[in-house]
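Take a look at this one; I'll ask things after.
In this document, chain identifiers A, B, C and D correspond to the written order of the chains, with residue numbering beginning at 1 in each.
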């Protein structure tokens, strides 16, 4: 089954819409769903032109396609456990929060908190991801626990904050405080980033570019060969009695 | 004039010796009366269990540290969020809910009177502000005196009357209810990063021992004729082998008051540990219970631990730091100048953890081994042992051996060799539960004469009607029914109005605060004592005139005057 | 008439020893207050009555009209923003929260532009703190990190730290060391015993290095860290460890620089680490006199200290999304009520662009930068001058501000209560 | 050659030689206005700092505490031997020449005091000066403890919106306030005036 949701133009286009109801399994029982624009509850078809092709019995067989100006659409795919969501343009904050399975593919850019606290499944973002991609929640200790997030563009600050499991791959550059408080999992940044793996406890962080503002409390161990690259290996943040590993191609201290 | 008649109530009212009698309760203008006119509104209780409104004699619901527990825990707030609905405001939180959350959840469980266990005098205004937003219960606050410099100096000088005078002035100034000692002396030592290990360790600089502090303040408390006794959180909380320290503290207490106990020892579960380190940690509930059985001057509460996530918060700063060193998670500490301190850390009690399992058992053992339910009240030291919403489960455990055994099967397997719980057959009855959750608490707090904890004419019309018929339910087998009933009243009546019904709160309500103003002679009025004033002005960072809590902070003012022997 | 022990409604120090001399309904002299407090007490040029913007003109309107306008505006909005709150008393803040809850709006206070990051850090690792008097009576080491008390909290040093006589310090002034850490030599650095000059953006690295040194791992630290030599770091770490009681006060120099809340988190973790060796505490230098109170009120009423979004009825909190600067920059609201702050003076231009496009009502006694963005401004009494109520000092001590003179102005609480009553009426209909 | 002869003849004249070897000058005598480096007398120093205050040469004199006694220390490299310190000392701790005889004869003396001046434009009214002042600390412990003045006896306090100097005369010139003012708003000036003492009453 393929559900296509095309965003309708709205008068107050700038008010964000929260649409956690947009997950494949909900469409198994029809399209009579509700979304919220600010403090107003709206029917799905007040916001989208909805079209459904085919049918399905299982969430795995449902694909939801979002088109139009969806950059202010928040919480799409929250608690996704199966099926697929394809976003043709950009997507708003909190896309794929808490997801445990299924796939989200974003062709444009993703706003903050993409895949926050996700436990499983796959998110592919073909554009850039904003701050707090694959991170945790305020006050929480564990961020993403499983699954995969792959960003082909750049990622913002606090990428994979408190990462506890799973894999995060960014093909472009990442921002400041990349992989802060990491406690598990794997983070790979193909480009440059700033202050990676600060205060890390565990896990592995790879920076194939240059680590700017390198934290002074990592201990240099030597060089390793990884994926055909020569990387410098550091052991986890001494300030935090850490045991993690940080591999960088190059680094600069702020001295 | 508003009148209400509750018909066919199956009443258990221990303070009046009523145990399961079907009767009517007449209410006029917020008070229980002999009879009401025919115009009265009628509620048919249909033989359901009807108790005086619940009284929690030790909980942490309002004030600086409670709020800091909320402040530092947005992850806790994600649970239990409800929107504004009818008369109910929005709520958030599980282990440290918002003030409305506390109030509604307590009300739905039939609780109408709460004692905030620890209020730092300097920050009393904060506690009173939060009381205002805890609308469905009457409240009172135990005031912390464990590290009060003026008192420590007076104790060093051996002047118990001065100790009493300082307590009198402070209680009146901050609108406090009773005297709380939290790790006496230890909180002062902690301001240097130190602690006292037991009751014979002198406090740095002041050179008085916890034993002296406890004894002097107990005497001072009785000189002031306060309704409640000293409320003690013993030294050395939460360490293996601390039961001997607890017994030592209990042994200091003479029997000074014929109406009530002379010492209220709180959350004794945390103080009933055997062993010398965590490896040989075990329960010492038996010696504690035996000791208390022989001493009518002591009343304690359980401080039951229940499994799951919660937040620990106490004025016992050094203890929280030790916990932090064990868990290495987040830790807050807040020392209060010249007075006391506090600490907060979130914890998770796990069934798979041997120490946690033993702790869980000890609380139950204390309640089951202590002969008189009047001497061991039900509490979790909310939220330290567990959030108060777990009370119904605790009631279920106390009333059903079968439930206990079922739960015991899920805890750490080595627990069995460390605790006497599996061998205890006792199952508490309805009357005993009523004592532990209201009558006993009201008597221990000394508020039964103020119309709390019973349903005699003249009492406050605080009534809880639970959807359960005691002759139809066998709590030993049908414990789930007991838990369900105690989780949600059919009706909660507060001051003569139905405030909650089947899980919904129906009115906005307004809280009343009970506080004590002991009357002392001029010579003992610390507000006029030059030495007291001089030191206050020099060492506090607020002016003496800005210290007392103004009348504005108490919407319904229930001032209790006592005649002090000063 | 002289009012004694009045409470200064300017900064988070909330000095409560002010003497205010009042003659003929005017403050004529202020004793004990600093320059900033004195100016606030003596403040003049109040707005006389509510005003409404009609085209390019201001029109005088009555309080009833103004209140009605605000209530209607907020009820009609799909995502109203209620911002400010740090410059008013707690009782008014409570009404504000009830209002946000009723109209399903977003309520945020000025922490989102000052110590919001500190709160986020506290939510990650907690906060070992204490009241100011504990520091006064005990601390033999005080560190000001990224804060310049002389400018922002002038009496902090003389009342609580450097100069204040303490119970346990025979000669506090001689026995107490002061370290200032900043990116430039500030006025406060002039009078410090030790000054650590950090390269901008280097706080995090320096804090990490100090943590490692305190743990005895000085040998892995590079020769210089963000412009600070290893020798100085080791010296400072030793000073900290050998202190009997140390206190760290940090300001916007730490919260609002690169890394934001991670800087604070690192500072808190340093203090927790030092607590294993000696007694150490850390506290934020809060700006507005009642910004901490606003955090407290929000917390007990909603569970969160700032940035609370009631759009969906339940409280949602996510600074960076539900905070005023972010909402305005992303144009995610359609009406704003401003109380007790002046966002136009502090917010980025991008935010002000949106503020100019939506209806705005402001409660403020004086014409200010935000007035230019308002549709309606309602003058109110000033808390601590002609209105009273609760305020929380930077260390969490609540103090009731005093009314030093009487005026006909309504207090924030009264105006808000009227609005709230109208809204309740409308919602019940 | 001629000149050499001339010189020899000239210098060997007996009259000249007699003059040269037997000339008599007035005996060398230290004049009353001559001043050497100041030296200590037996008198006890009270640590009033008057000498330091009046000294015009930077670094020439310091009053130091040695064990339990105060005493002036003169640094000859800096001293210009003007003698003002000797004249200013009320206790006669120092002496140099007959300065004291002269002042005694003429009944002149120096009156000295400190003048405190606050620049209201620079002052933040932070109270650092008032609270750090050692004299204030001794007079009013409450001011020292809380920044709130409770006594009219202090040198200065924040009053009526500015630093008010109540008892300038109590200032000992230690300049703590000056060094502790982050904005350099307060200045301690040394004020000295020569005075003619009144005739002693018979």
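Heads up, the rule we're going with is that a residue touches a chain if its C-beta (ideal position, glycine included) is under 8 Å from a C-beta of that chain, and two chains touch if they have at least 3 such contacts.
What you see is a predicted model; the values in this text were computed from it and never measured.
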Of C-D and B-D, the pair with more C-beta contacts is C-D
Closest to the centroid of all CA atoms, by its own CA mean, is chain C
Rounded to the nearest Å, the gap separating the Cα centres of chain C and chain D is 50
Rounded to the nearest Å, the gap separating the Cα centres of chain A and chain D is 76
Whole-Å distance, C-alpha centre of chain B to that of chain D, is 71
Per the C-alpha means, the centres of chain A and chain B lie apart by a whole-Å value of 45
For chain D, residue numbers touching 2 or more other chains are 141, 145-146, 148
Residues in chain A with touches to at least two other chains are numbered 137-139, 141
Note: chain C residues in touch with at least two other chains are 17, 123-124, 136, 159, 165-166, 310, 312, 317
Within their complex, chain C touches chain A through residues 77-79, 103-105, 120, 123-124, 199, 201-202, 204-205, 207-209, 211-212, 215, 217, 220-227, 258-259, 262, 265-266, 269, 310-312, 317-321, 330-334
In their shared complex, chain B is touched by residues of chain D numbered 141-142, 145-146, 148, 150
Interface with chain B, chain C side, in the complex: residues 4-5, 7, 16-17, 90, 94, 98, 101-102, 119, 122-134, 136-138, 159-160, 165-168, 244-245, 272, 275-276, 278-279, 281, 295-296, 299-305, 310, 312-315, 317, 390, 392, 396-400
Seen from chain B, its contact residues with chain C in the complex are 62, 64, 67-68, 70-74, 77, 81-84, 89-93, 97-101, 122-123, 125-126, 129-130, 133, 149, 191-193, 205, 321, 324-325, 330-338, 341, 344-345, 538-543, 545-546, 550, 552
The chain B residues in contact with chain A across the complex are 72-75, 78, 329
